[in-house]
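Same chain, two partners: chain A is paired with chain B first, then with chain C.
For the complex of A and B:
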């Protein structure tokens, strides 16, 4: 290990350790957040379950819906990012004042927080999923290493994309007091275009067409479809291409917003 | 350029949204926002040598904290040039950041829910401090700041004074050579204030660090700083020794008298302006040049048990200086 790698490994493990220790102080709120994360797909599943009845909707049977929304719950927790809310506070209330003079860019604290949060939520959800799949075979997913490896890659890229979107939107707090409202709007749109409320193939063609030109499907629907094997073959490669392109675009936006925003920073408060 | 800080023509303006009152004002501001330029710092220049302790004096909103934030690289100046420990604060990167520290009395880096030691451990990794150095520095800071009993208590359970001590320790673990301290004793009781002052002097003496601080407490300034920068409405009004400022501004001396027998106020008034009179104490103010002669007359003509000649309280002198500075600025 080179000295540089060792320094960064130490920094990340210290940042993640702190994030976990703070989490332990707020065990109840973590349970509530996870319940909130489970609630939305559970409601959507309930609706589609009753619509599908004994038949199928757009090729999805009750079993397919159950698998889809279970996969969605897990992948949503593995890719979700709250950074726009944190950044909004850092910028407007002046928390950046003690983060900026440190020799580590504040983005690393945000990344470490994300890894810590996702590792913890994923562990809890995997336990829940395992227990549920023991009593409800419908949600068992085919366990093959190839699918797991491809899904893992799609999940990592989706997490990077959602992080960049959230971080960049949070940076708007340098200009406006409404950065979190913009993120709420984005979350509302992603309800439809990212596949949170229904598989994308069930959306009207016009909406699905719009979604295909934007980043939304690559945030969530694509990795879910890879895990449930709704996307296979060449479509997987196209999905990865879409993820990489949108990550590159949001990375440029993020860097541009940071460079411009930091010059406007008012360093609020003491 | 040598030295710890050189600032030339430093200025900072902010654009502030102006909004009329009431609902109609809010609606107008929504569709046609109006802005006003606020000049927080105007053409400020000074230089500070390594090892100096310099205090920024000024009322609220004078531009002290804004200047401190520009010097530490938090804010970009609108105009001007700055070199801080040999670096440009905005492009100096991590090499620059390892040499400075910024402590803000109202904004703390300690993790609220964890004991202070966890923030120290985090800073060890962030600043890449070798284990042996970390241990030695932590021991030193624990001793100097008397932190032994509080290192493992959650920050939220600590008193304000304890938190500020831990905040200083967290900010100094990487052993910076330049300390920017904004109101480091704000809200602390007298004992805690004194502990912080003693510590800062000891830290400077041990490590030759430069300290630039702002404070509303004159005791901080008189105990720590050899030099003051007086700033008001964004302009630097005075740069020099505190004693010289007092000598220049304070045209009067105070005669603090202890009387053996009660004397009427009309009698005291013959010797100078009576600032306080409650038997057996009286405080008189007299022009600086007459102080010696007046005290001789007092001793000769009144039943004086004790007498001392002092400068007026530093707070009054500073107030006077600001009043004069404001007049100069407006003229």
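For the complex of A and C:
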């Protein structure tokens, strides 16, 4: 048992060191991606800020909107997964061939990449948030260890969920050349159902109802609501339950897609 | 001009082979417009106007936005957007040694003809929204619209030239176009809908948002003559600026390789 743990710890530290070094070469690119990730919530916040000028919107004041979108920006960066784009390229251009014979399953490389990328970009955003909160007190969140601990758990689960979705969608490249289009479609839907454009409680009730039956709120809206304390008490437990259920479902989908895809891939190559 | 004509013919023949791409690109634009409209209706669920513009007026603006981004996708991204890669690989040498104007050549080298449909789609959306407003622009307003739209396109072009010229100074700016994409998103809504701080960023640091607000104002009859003239002036200024910047950049490029 302990030997197994030690081997995996060594493997992961190697993979993550590698990912960190690779990212280091693309510092400018990463800053640009972060900016891109920041602009969308900044624009949404700008519009809501103006709308809320006449008074609270559905219980959200200007301050609430500011906190919501700052939390959203950070948590989005912590949970975002680009894997469907990478996998699509690996599969189409054959890079996967070099990854398959390695002693470690390619998924571990993807996971290590994600951890390294998120550690870097989230640090940048946390620094930005701290600096902004010095001059703009509206976005200061009360420091509360319990909330932070619960948020951390929700963020880790959300990151797992988004990773599985992204990875599974990327695997569709075994069958179609438009896997990334499917991911774009998913991103378009998540604008509304995951709470990227507005807190879920501001959506028409029917749409919010549909969202609650799907995985979208657990990707982003739930951890954001935990951090901003819009979700409290029993609802937090329900949220965790939803996250775990959807992670299990996507894990099964992902494994099925991987097995079927690899079989097909091997057949095409041989 | 003849050179460009020949290039485009080749280009069109090439693209026509991939008709499935048309369906895909058209579908993705429609989906994009749909999400934009849904976002708008979400905002308007909680507000009666955005910065003084009512729903259909913002839809007119959205159409203009779609037309402009069609222009970006069809011409700028495949053309000048590829400049950084050209500088890095050294292919730019081949362009510079040709007896044509390098800036014009690089700009119009490759046209993604399918994305030109986005321009028509955008103008269609604007027309539909105008019908809903019950506002039919007169000849002067339509003329002003086209003048300001051309000016807007020139401003967008100048921004691209500026971003891409950075490639001559820093080689690793591969995805610098992302910066444009990020800021251009802000042009989906009228300038007046933003709080002052964001307005400052979009409209003075990177004058992107004006590019949709002004032509859309021309259509909805909000545009004043001084603004129209100013925007035409800014458009011309942007063209001159992009030319000067290009020259400086090319001087720098030849300097570096010799």
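Miscellaneous remarks
One rule holds for everything that comes next: the second predicted complex is superposed on the first by the 263 of 270 C-alpha atoms of A that agree within 3 Å, B and C clash if a C-alpha of one lies under 4 Å from a C-alpha of the other, contacts with A are read in each partner's own complex, and residues count from 1 in each chain.
In this text, a contact is a pair of C-beta atoms (placed from the backbone, for glycine too) under 8 Å apart; a residue touches a chain by one contact, two chains touch by 3 or more.
Quick caveat: nothing in here was measured; it's all calculated off a predicted structure.
By the touch criterion defined above, A:46 reaches chain C but does not reach chain B.
In the overlay built on the shared chain, the residue A:58 is in contact with chain C alone; chain B does not reach it.
By the document's definition of touching, of the two partners only chain C reaches A:188; chain B does not.
Of the two partner chains, chain C is the only one touched by A:202; chain B is not.
Within the superposed three-chain model, A:29 lies in touch with chain C and out of touch with chain B [touch as defined at top].
Residue overlap on chain A between its contacts with chain B in one complex and with chain C in the other: 26.
Chain A makes touch with chain B in their complex at residues 7, 10-11, 13-15, 17-18, 21-22, 25-26, 94-98, 100-104, 262-263, 265-267, 269-270.
Remark: chain A residues 26, 28-29, 32-33, 35-36, 38-40, 42-43, 46-51, 57-58, 178, 181, 184-185, 188, 191-192, 197-198, 202-204 touch chain C in the complex.
If you check the complex, the residues on chain C that touch chain A are 24, 28, 31-32, 35, 38-39, 42-43, 45-47, 50-51, 170, 172-176, 178-179, 181-183, 185-186, 188-189, 193-195, 198. If you check the complex, the residues on chain B that touch chain A are 14, 65, 69, 72-76, 93-94, 97-98, 100-102, 104-109, 111, 113-114, 118, 121-122, 124-128, 182-183, 186.
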